[in-house]
Amino acid sequence: MLSPDILLAGTINGLLTGAIYVLVAVGLTLIYGVLHIINFAHGSLLMLAMYAAFFLWRSTGIDPYLALPLVAAGGFALGYVLYRCVIGRLSRGKDENILLVTLGLAIVIENAALFFFGGDTRTVEVSWAAETVEVGPAFLPLAKLVSFAAALALCAALGLYIARSDTGKAIRAVARERQGARLVGIDVEATFAISYGIGIACLGAAACLLIPSFYVAPTSGHAFVLVAFTIVVLGGMGSFLGALVGGFVVGVTESLGGLLLGESLGQIGIPLIFILILLLRPAGLFGSRA
Amino acid sequence: MSARAATAALLAAALVYPLLFFGDGAWLVRSNYAIDVGMLALFAAFLGQSWNVAGGFAGLTSFGHVLFFGTGAYCSTILHVGHGVNPWFGWVAATTAGAALGAAVGHLTFRVGLRGSYFALITLAFAETFRVLANSVGFTRGGLGILIPLDQRAAALQFHDPIWFYYLALALCASGLAIAWWLTRSRFGTYLAAIRENEDAARALGIDVVRQKVRCLALSGAMAAAGGTFYAQKYLYIDPSIAFGVDRSVEMLLVAMIGGAGTVFGPLVGAGAVVALGEATRALSDARGLGLILYGLLLVAIVGFLPNGLVGLVRAARRDA
Amino acid sequence: MLEARGVTKSFGGLLALDGATLTVSDGAIVALIGPNGAGKTTLFATLAGFLEPDSGTIGFAGGDVTGLPPHAIAERGMVRTFQITQPFARLSVLENVVVGAYLRTPHRGEAMERAAAVARRLGLGDRLNATAASLTVAGRKRLELARALATRPKLLLLDEVMAGLNPTEIGEIVAIVRRIRDDGVTIFLIEHVMQAVMSLAERVHVIAGGRIIAEGTPAAIASDAAVVEAYLGRGAARRMLHA
């Protein structure tokens, strides 16, 4: 049996990772909640944002944390354009079609990265990345603590924005009642594109917070696809609070799973949660969708 | 040319093709590589057909079809290497296991009403679960993978000359085409099309939707599992990422979608296009990824503008002519 | 043929069917009328097995079909059509009808023959190879009917097969429905087109608030002004009598 200290450290570690997952999943759940699109390109867009943060750092020396607003803005622009030019135009049909279109985008993005950047693993080296902070029984990497705090702050900001701003109100109106929103004069297509843009902007932020303690390669997005979907179905498609709780649950599950079942078998937790939730409680923990 | 004559011509060409390249008596030039490329195209067409049976004919879009492929590969290989079972029997066992797994997954998911994107994602999760398991448990030898001892006798389902694997792949591909053709001519296939188009209407007309979908996934799973054994016997090595990696799921889907989902010849056309494009881009450029960029773009374009894929394009051209 | 007793169905807190009780006798044409939201389509969906009743029983052709799944009920001979037509859009008209015909035979040739015959009878003979998606509203209504008829039903539940049609088309459908009945199929239909109800139906059930509140011949129902006014709205009785 593992000592309580190790379990506690594992839990804390899981929470720290979970915060990044939350940021990745919030974008996905926003996109689902408003557009009812299952965005399979989410992982590869995250990978692309990580490359952006990496190249910004390598060419200009900008610390990824400082580059966050820039990468997030770039993510928003890319998302907006992608929706307007590709996804929105093809979204007339069935939801499988959208899934296939976003799968196609994922294949293109991932292999374009392979083609242009090569298959090497790249890391950002910032001076403080190796520093640790003592929290209870654990020594925690500073980078993870900073990203934890930043992820929570960004989620709170996003939640406030959706709840209070005019754009946020439009987004919520469109999510709830498309026709009604159109009748009261909301530009539904623009709101869709903005929502998709915000979803991808979240990925930009997540990428900047991730990269100091992670690495980037063309396949970096893979690991996050199933994780993000698991969080979103766990929390309930379209629920912010659900994504928040789901992100932490998944982060801790992954961390403790690794400790208890070993490095290899420990990875089974995420796909298993995903399958069980869909089979047993498809509305998720916080969702209202039957 | 009638469809029947075209099919006969195609079959004749496929039978003759390896003779152009095989052995000292090669009609054109001796090239095992050319035979292997042909074999790969036929094999990809067969796996694509397995996806097509579920994804194309019944609208059961799967993102994790490699689940069945890998199960078949591991099933015959473990029986052979671990228990001394002849691979030909192992092949039958693997196909049966694929059918059983398809039925089991179908039973679990269709009974709770999962469909569309949710079905696609849950198949992906099943494949990932199996990959992790294969990586972790003892009897698959984990990440080390399993090496099949060299024993190049037909009785051991291994061949010295690549031409026999070519003809085996051709037989698989032809049986896949026969299954697809049967689906266009049978009650079962018509029921699947009805379910794909409108489940409520299908139900109202007396179709047991869950039962038919389960049968369909069992059939499709059996085919992919048979492909898994073929792969293992050809390359004599499998590991968790070869057997359950997401790339092969995507390839099966791409081949069927690009060629024309829900058409008999779609996977064959798609496999031809994918393999030809792959060889061409490899010849043009050293950099990896170019071929897949094109497939990805093709997939987006086809979903958006050509729901019947390249086959649909040909049909439209013939109508206009 | 059909006997529903105390069929109750609620969604969340909303009571959609509140003890609905009715019978449809063999070989009859019976209409179900009522205001919007009265529970007409819910009742049909429940009879055909698409919804499971919270309580009550449904007897059909001498057996109890309460709680059976739709395909089992269709198998026994009760087949519904949909108010909003549900074609197999990318299949041809003939293939659409073949799906229905396959319920009674596994053989393709036989199913095709029967389907073609049914489709021709419903005036779809010149559109057999067109895709269902290319049909007009009237064509889709006929296709819906043809598909159901190809299953050789004992009882057809027709949910507003005349809505959205012009008077000529309505006249044609009325004749078709009558002919179907003459061939031995019992008809239970939801209809808003009062002219059709008056000319077709032998019995009329009035549903409101999820209950059957009146039952009788069309003439009797129409003259029961109180019932009609109360549940179908002011002026409805006059409209029915003049229809």
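When the chains are written out, they are named A, B and C in that same order, and each has its own residue count from 1.
In this text, a contact is a pair of C-beta atoms (placed from the backbone, for glycine too) under 8 Å apart; a residue touches a chain by one contact, two chains touch by 3 or more.
All values reported here derive from a predicted model rather than from experimental measurement.
A.B. asks: Which chain's mean C-alpha position is the greatest distance from subunit A's?
C.D. replies: For subunit A, the chain whose C-alpha mean is farthest off is C.
A.B. asks: Measuring from CA centroids, which chain ends up nearest the centre of the complete protein set?
C.D. replies: Centroid comparison flags B as closest.
A.B. asks: I'd like the Å distance between the centres of subunit A and subunit B, where a centre is the mean of that chain's Cα atoms.
C.D. replies: The computed centroid separation for subunit A versus subunit B comes out at 32 Å.
A.B. asks: Using mean C-alpha positions as chain centres, tell me how far subunit B is from subunit C in Å, no decimals.
C.D. replies: That gives a centre separation of 44 Å.
A.B. asks: Counting only Cα atoms for the centres, state how far subunit A is from subunit C in Å.
C.D. replies: It comes to 49 Å between the two C-alpha centres.
A.B. asks: Give the list of subunit B residues in touch with subunit C in this complex.
C.D. replies: Those residues of subunit B that touch subunit C are 185-187, 190-191, 193-194, 197-198, 200-209.
A.B. asks: If you look only at subunit B, which of its residues touch subunit A in the complex?
C.D. replies: Residues 59, 61, 63, 108-109, 112, 114, 116-118, 120-122, 124-126, 128-129, 132-133, 135-137, 142-143, 246, 250, 253-254, 257, 287-293, 295-300, 303-304.
A.B. asks: Residue numbers of subunit A touching subunit B in their complex, please.
C.D. replies: My answer: residues 38, 86, 89-90, 93-101, 103-115, 118-119, 218, 222, 226, 229-230, 261-262, 264-265, 267-268, 270-272, 274-275, 278-279, 282.
A.B. asks: Mind listing the subunit C positions that touch subunit B in their complex?
C.D. replies: Residue positions touching the partner: 48, 50, 69-72, 74-75, 79-82, 86-91, 95, 98-100, 102-103, 106, 108, 111, 147-148, 151.
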